[in-house]
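Sharing a structure, written as C-alpha cells. Questions coming.
Chain nomenclature is as follows: A, B, C, D and E, assigned in order of appearance, with residue numbering initiated at 1 for each chain independently.
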Amino acid sequence: PNEIVVQRFFGTCNAQYGSQTDVAAAQTECGIITTLINKFRAENPDIKVTVSTVAWPGYNQLSAQMATGDAPDVVTMHESAIPDFQSRHLLEPMGEELRAVGVEPDNFTEASLKGVTIAGNVWGMPFDTWAPLWHINMNYFRQAGLVRDDKPILPSSPEELIEQARQFKKATGKPYFVQALANQKPAYSRNLYTYLMQQDADFFADPKRIKLRTPEARRIVEMFRTLYEEGLTTRDQDYAAATRGFMNGDGGVYLVGTWMIGDYEAESRRPDRPLSNGYTVYPYPQLFPEKDATFADGHSWVMPVKERTPQQRQAVYRLLKFLADNNFQWARTGHLPAFTSVIESAEFKALPYRDNIAKIALTGTPLPAGVERRFAIEDTIGEELAPAIAGQKSVEAALFDAEHRVNDLLFHVLATSGEP
Amino acid sequence: MSVAAAHVTDSRETRSGARGDWSSLLYVAPFLLIYIVLVVYPLFSGMWLSLHKADFFGERVFVGLENFTRLLADKVFLGTLWNTFYFIVLTVPALAIIGLGLALALNRTTRAAAVLRGVFFSSSVLSVTIVTLLWRVVFIPDGGFIATVLEMFGKPPVAFLSDEDLALPAIAITTIWWCIGLPMMLFLAALQQVPKELYEAAALDNAGRWKTLWSVTLPSIRRTFALVIIIEIVLQFQLFGQAQLMTLGGPNNASRPIVLFIYEVGFNRWDIGYAAAAAQILFGLILMAALAQYFVARRKGEA
Amino acid sequence: MAELEIINVSKTFGQSKVIDNVSLTVGAKEFVVFLGPSGCGKSTLLRMIAGLETVDEGEIRIGGKRVDALPPGERGVAMVFQHYALYPHMTVRENMSFGLRNVKIAPAEIDRRVAAAAKMLEIEHLLQRKPAQISGGQRQRVAIGRAIVKEPHLFLFDEPLSNLDAALRVRTRLEIAQLHQRVDAAMIFVTHDQIEAMTLAHRIVVMNNQRIEQIGTPMEVYSRPATAFVAGFVGTPCMNFAPVEITGASPFVTLRLPDGSMLETRVDRKALPEGGRFKLGVRAESVRPCATGEGNCSGTVKFVERLGDRTLVYVLLSDGTTIVAEDAGMSRIAIADAVGLRFDSAGVHLFDDVRGYHAAEGA
Amino acid sequence: MAELEIINVSKTFGQSKVIDNVSLTVGAKEFVVFLGPSGCGKSTLLRMIAGLETVDEGEIRIGGKRVDALPPGERGVAMVFQHYALYPHMTVRENMSFGLRNVKIAPAEIDRRVAAAAKMLEIEHLLQRKPAQISGGQRQRVAIGRAIVKEPHLFLFDEPLSNLDAALRVRTRLEIAQLHQRVDAAMIFVTHDQIEAMTLAHRIVVMNNQRIEQIGTPMEVYSRPATAFVAGFVGTPCMNFAPVEITGASPFVTLRLPDGSMLETRVDRKALPEGGRFKLGVRAESVRPCATGEGNCSGTVKFVERLGDRTLVYVLLSDGTTIVAEDAGMSRIAIADAVGLRFDSAGVHLFDDVRGYHAAEGA
Amino acid sequence: MAAGSMVGRTLSDRLILVAVIVLGIVMVAPIVWALGLSLKTNAELMVDTSSVLHAPYTLQNYWDLVIGSPVFRWFVNSMIVSLGMTIGVLVLSSLAGYGFARLEFPGRDIIFVLVLFGLAVPEQAVIIPRHQLFSELGLHNTYIGLILPGLSTSFGVFLMTQYFRAIPREVDEAAMLDNATRFQVFWRVLLPMTLPAQATLGIYTFLHAWNDYWWPLISGTNAQMYTVTVGIASTQINFAESAGLGFLMAQAIFAALPILIVYVFFQKYIVRAVSGGAT
C-alpha cells in the first residue's frame, strides 16, 4: 500500500489509546491525536500511515533528518518555526493543493493565517492557535472582592493590575499571580510580546532588528518587577510546580497556555479542592488602550521538501483534509481551532470557557512573518528578563543586553540566496 | 614463512626499538582508521568550519578568525567559560575527595561493604534526564525535599535553581551524586594495590589512623589520584545535560556551561561556524588542563 | 630476665589451626631463629608477637609486661619485613625517622639516631634517595635501619634475606649477626633456610605443622635432632634415612640395612624401646666412600656433586636405597663407579619409624 | 659433533655493549652453566641463542645449522624462564601442549608426550589445574615439562631456581641434573649462584663484564681460577685475598703478609713475572686454626659461623686484614679467642694485583 | 585500610561504617523516590507528588510501558547498539592496546600520544562534521551508524595499552618459543589474561552506549531505529515533563534495569581491574 510517514510531538499514549478510534471519547492532546490517526487509518485502508513520535519540540531531529535527506512526509511544526525552515527552502508551499482538497485557506482564522503565511504563500496547514491565558481561581477572586456578575474583575492598566494584586493579597494572603519563573524562558518573552503588541509598539519593524530599549518595554518589565518585589506573584516555581501549585491554590491567576484548560476544568469539578466550582479562564486582559492583542502561536502541519509519488502526495492531503475536518475534536484540548467555521460552530461554543477566549482567533498575533529563529529569540529575551524581574539586574541593562543579543543573533543568520 | 620472518623482526624490535616494521601497524590500524575518520577528520573539519560563517543548511562564507574575535567579545560566551571553570572547581575536588573517602571506608570484604559499593555506584546507572528530574524535586523551593526539611526547622525555603549564586552549586551537587561511582571504583582498585605490609610497617611505626592515611595510603595512590582528576576534569568540562535540564543555563546565564552554549548556538540558532569556534576553544582548554595535570603529576611522580 | 614469653599461644584462621598451643621464652639479648618449612606458622607466630595478628588463646609478655592486647606500635618491638615494606614515596631518611616522629621524639634526637644507624649500616650517602633508587641489598639495610632507630628491646625479622641474591645474602647474614652483637636487644629471626638458622642463632626453634619440634642451640639441633623431621630439615645434604632391622645381641645392636648388609653400632640395646620399628639416620659426612668390599656396604655411584671443598657421592645400594656420602674436594670418583661405604658409627642415629622421635644415637 | 657454536658474537643495547666478541662451543649432551654476577650479560647471551634477541655481530649455529636469522620457534630449542612464564589461563596440560599444537603434532602424540613428561616430573595429578592453583616448585616443574615435551636438542634455563626457596632449590637442582641424564639433549643453564654451577655443570662459563673470564670444568674453575675474579666468585666462603710482598730468595718465594708475618711457599721464583705486584689468594679450607704461635700467623677471632659439618672462623690479623679459616664442625673456638693460622701451601694462589690474572699457585 | 586482623576493628571504624550507611541512605533516597513515583498514577501525581508516601500503589505505569509503547523494539535496538559498541570497543582497543604495548612500528609513541589527545575531544566539537559525513556515507538510521562513533573513543585504547604493558614479556617469549605466531600470542595467550580489564572497559562502554542520547537522537531519527533513551524522550506528553511523571519514572527505572543487572554480575571485576596484576 501507499505509505506515508507522519512525524509529530504530543507524546505517546498507546497504552490507553493505541487501538481506540472513538475520537469523541479521547482526552488530552496525545489521546486525541492518537485516536484521530487511528480513525484515519481505519477509514483509509489503502494508506499506510507510519507515525514517528519525537521528543518535544523535535526540531533538532527534524533538522538532522532534513540534512540527511530523510525527512518525513508531514510534520507538526510550531508556526513560529516555519520561517526558519521556509527560508532554507526546506518546506513545500501548500496553499493550492489544500484548496484543491477542500481545505480553504480563507477559512483559516486570522491568527492562523498570519502564522502560516509568508510572502503570500501558505507553508503549512494550521491545526490550532494557542496563546498564554489567565487561568483564574474564582474562589480566591470572590474572597478578594474581585468578582462582579460572576465574572472576574480584570485590570485595564498596569496600575490597576498592581492595585488589584495588592487587594487580592491582603484579602487572601496569597499572591495574585502563579507563574513558572524558574527554568522556563519563553513565558517572559510571551508576556513582553503581548504587552508590547497591546501598546502597538512595532518592535520588529525590521525583521532583522528588534527594538527593546523603549519606554513601552521598560513599562512592562517594571510592572512585572514590582509584582515580584511585592510578593504578588509566586517565585521560584518551575513549570511543574506552578501547574500543580495553581491547582493546589497557590494564587489567583496562573499565566499559562491554552492546553491546561481541560485539566483545570476537570479539577474544578472535583469536590473540596481549591478550584472546586471556581475556575475560569480569559485571554490576557488589555492593559493598554492602543490595541487588543495577544501574542499567539499555533501548531501546524508542514510538508518537508521531498520526493514523493503522486499517490503519497495525495495521501498526505487526504490526511490533512481529515485533520481539518476534525479540527473541532482537536480544539477540545483547549487550543483554539484553526478554522473560522469551527470557532463559530455551536459545538465549539458549547465547550466550557471557549466563549471567553474565542476572540484570540482575531486578536492573536504572531511575530512578523520575516522574523527567523523565534525560539532562540524567545530564549534570549527570557534569559535577560528573568534577572531584571527578579531584581538581580537593572531593567535598563537587561533590555540593552536582550536587544543586543537578539540583534547579534539575527545579524549572523546567513542570508540565503534568492527570494523565498 | 612470512609470519615467521615477522617474528624475528618482532623480537628484534621489542628490545632494540630502532628499526620499524610496518606490518605491526595492522593491529592498531582498525582503531586508527576509525579514529582518523571519526575524530581527527571531524576535528579538523570543525576547525575549518570555525573559520566560516555557516548555516546548518545555508552556504558558507569564509570569515577567517571573525568567529573567534566575536566569541571573545561575547559576554555570554565569556560567562560560560567562567561557569565551566567554577563548575570544575566545585565538582572535581569534591568527586576526588568523596570518592576517595568512600573507597577508604568500603575497601573491605564484608557483605555490607559490597552492598554499599553497589549503592554508591547505582546512581551512575541512571540517565541524565532522570537524574535531573529527581534533583529538581529535591531543590524546588515549593514543596521540594530540601524546602520541606528547612520548613521543619522553621527556616524559609531556598530557591536553589533560580538563585544566581546557588544554581551552579546545585547542579554541582547533582553531578557529584550522579558521578561518584567512577572515582570510587578507581580508588578502590588502587587501594587494593597497596601492599598490606606497608600498613603493618606503619602500625609498628606508631602511626595512627590519620597519619597512616596521610603518609602511607595517599602517597601510594597518587597516580590514581592524578588519573581521577584528569578523567573528571575532562568529563566535567563537558557538562551539558544537567544544566540544560535543570536551569536552562539560567538564571541570568549563571549556570550556562560552554557545551550548552555550543549546543544552543549550533542547534537552536543554526550558527554552526560560531558553534564550531566555541568547540575549538573548549577542545583547547581541555587539552591544556589535561596536559598541565599530566605534567605536574609526572614531575611529582618522578621526584 | 626473659625478654619475651609466649605462653600456650594458639591461633586459628577460619577452620584451620595454624599455631597450636605454643610456648617459648626468649632471654634478653638472645638471638632466636624460627626455622621450618613453608606454611608451618613461623610468620604467624612472629606477627602475633608484633601485634599484627590477634592472639586467639594464650599470653604474650614482653619485658615482663603482658602485651597481647596492645597495638603494634606500643609493644616496643621493631620488625623487618621480607619485602622490606619501605614507604616508597619517602626518602631513606624519612623512612627511618617516620616512626620516631610519630611518637614525638625531639628532632635533634631523631637526627642523632638516624645518623648513627646510617653510619652503622653504611648507608649515609643514601639518606636523600628514595627506595626505588637504591639496590635490593641497600633497601634491606634501610629496612633494618628503620628498626634500629627505634632502639627496641626486641627485633623481629621475617625472612629478611630471602629476596637477596646468594652473595648478598651471605654478606647481609653476617651483618645481622654483627648488628646483634652491637645492639642491646633480643632478636627473633624467621627463615626456612637452615644455613641461615645455623649461622645466626643462639637457639633455633624448629617448627613443623603448627607446633614446635625442637628448641636448642644450632649444635644440639644438628647433632642431636629430636625428631626425624628435624634431622631431615637441618643440614645439607639432607640426612640419609633407611629403614633398618635390629638384629644384634646385647649390649650393642647391629642393624640390617635394606640391602641386607650389616652395620655394627655402639647403641645400647637397652636404650631402645622394645618391639619398635626403627629407621637409621646418618649424615653424608659420616659416610665415606672407600674401595669396594672394604666398608659396611657397597653400591654404584649414581651421581656426583662437586662442591669444590668436598664432593657428594650419591650411591645406589643393591635394593634401590640411595645413600649420600661425602668425599674430599678432589675426589676422583665418577658416575657408575662401584664403591664401598664406610659408616662412622658415632654419627648413626636411630629414629622411631612411626612417630619419628629420636630413639638413640651412636657414640 | 658440537650441538651449539657461538662464533664471535657481539651485542649492543643502545650505547652499551653487553656481549663483546664471545665464542663458545657446546657439545651434544653437554651441560654448560653460564655463571657470573648480575648484569654481566648471561641472560642476553642465552636469549640470543633462543632467538629472543637479535645478534648484532657473529654467528650462532645449532646442530651445524646457522640459526641466527630464524625465529625462536624454529631453532629447536626450549627455554625455561626465571618467573616460569606459564600461561595463567591455561591448565597445566594446556600449557604443556600449547607449543605442540602450534606445530600441528597429532593429538595422540601430544598426549603421549605430556603424559610421559608429567610422569617424569611427578605432576600427573596437577594436569587439570591452573598455574595459580599450584605451588612455586610445582610451577617450575610445569615450566620444565613444557620444555621437555618439545623434545629439543638444546635446553636453555635462565635462573630457573632463583624463585624457589632454599630446600626446594636443592631438590630441583638435583632433578635437573637427573633430567639431563635422561634426555638426549645439551643444556645451558644460567645462574649467578656458584653452588648451582658447581653441582650441575660439565663445564662452567664464568662471565664478567660482557666477556668470558674462564671456561672449564667445575674443578678447574675451582682449583685453578684463571683470574682473581673467578677465584673470588666461585666457592663459599669467598677466597681470602691479601696483598703480599715477595721476599724470599730462589728457588721458592716467601711472602710477607700485610701483618708482617712470613709465609713460605713452593712457588718457583722464576714462574713469576718480574717487578709485578701480587696478591695472595687462599681458600678457607686451606687455612686451619691452630694454637697461637704455632701457625704462619695469628690473630683474634672476630666471628664464628657454625655450619654443622664445619665451622668458619673469621680471624682478624693485627693489621686489620680478615682471614676466614675452616675448622671442624665441632670446633670449640669462640669469639675473641686468640688463634694461630696455618696455611696449606698447596692451596696458595698468587694473582697479578693489577690485572687480576692468575700468576702462580702452590704445590 | 586496616592492617592485619588486629588493627581496624575499633570503635571509630564502626562509626565510619555507620556514617557511610547514612550517606548511602541519602544516596538511594532519590532512587527510592523515583521508584515510588513510578508506582503512582499520573493523575494523583499531578495534584501532589508527596502522595508517594502513602498507598495506593499501582503497576499501571509499567503495564502501560509494556503494552503501550514500542519499548521492546527500542530495547532490542539499544541492546544491539550497546552490545555492538561494547564488542567493537573491546576488539579495537585490545588490538590497538596490544599494538601500542608490544609492537614496534615507526612513530608508535607519537601516534599513541595523538590517540590520547582524543580523550580531550568533546563530542560537541566533532558532532556536526560527523553528522554530515554519515549523511554522505548513508549511515544514518543504521545500526552501524549508531555504533561507529562510540568506537572512536581513546579511553579503551589507553586502558588496554596500560594493561598489556603490565603483563611480563616473558609470557610472550615463552609463546614464541612455543611456535606461536604473533597473532596467536595475542589471541591465545595475552588476550585471555586481560579479562578483568575487558570487563571494566565493557561495563563502561555499555553504560555509556545505553545512556547516550545526543547522537542516537540525530542519527537514528527513524522511529524504528530509536534507542531506549530516545524513545522514552519521545513519549513525553509535553515539554516540561509535568504530566505523566509516574510513567516517566517507570520508563527510567526500566531503562536502568539492564545496566544494574550487568553491574551486579560484574561488580567484582570492576573493582579488581583497572590496574590489577596479570595473574
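Quick notes
As a convention for this text, a contact is a pair of C-beta atoms (placed from the backbone, for glycine too) under 8 Å apart; a residue touches a chain by one contact, two chains touch by 3 or more.
Worth saying up front: this structure is predicted, and the values here are computed from it rather than measured.
With respect to chain D, maximal separation of chain centres occurs for A (centres as means of Cα atoms).
The interface carrying the most C-beta pairs in contact is the one between chains B-E. Each chain gets a centre from the mean of its Cα atoms; for chain A and chain C, those two points are 92 Å apart.
We define each chain's centre as the mean of its Cα atoms; on that basis chain B and chain D are separated by 56 Å.
Here the spacing of chain A and chain E, counted between their Cα centres, is 39 Å. Across the assembly, chain A contributes 60, 67, 184, 238, 240, 244 as residues in contact with two or more other chains.
Residues of chain E in contact with at least two other chains: 3-4, 7, 49, 173, 176, 181, 233, 241. Residue numbers of chain B whose C-beta contacts span two or more other chains: 4, 7, 11, 143, 200, 202-203. In the complex of the two chains, the chain D residues touching chain C come out as 37-38, 162, 165-167, 170, 174, 177-178, 192-195, 198-199, 218-219, 222-223, 234-237, 283-285, 303, 305-309, 326, 329-330.
Remark: chain B residues 53-59, 61, 74-76, 136, 140-143, 157, 159, 161-162, 164, 246-253, 264, 267-271, 274 touch chain A in the complex. On the side of chain D, the complex with chain E involves touching residues 47, 50-52, 71-74, 77-79, 81-83, 85-90, 98-99, 102-103, 131-132, 146, 150. Residues 10-16, 18, 28-30, 50-57, 60-61, 64-65, 67-70, 184, 238-240, 243-244, 247-248, 259, 263, 267 of chain A touch chain E in their complex. Chain A makes touch with chain B in their complex at residues 60, 63, 66-67, 84, 88, 90, 181-185, 234-238, 240-241, 244-245, 250, 373, 375-376, 379, 383-384, 386-387, 390, 392-393, 401, 405, 408-409, 412-414, 416-417.
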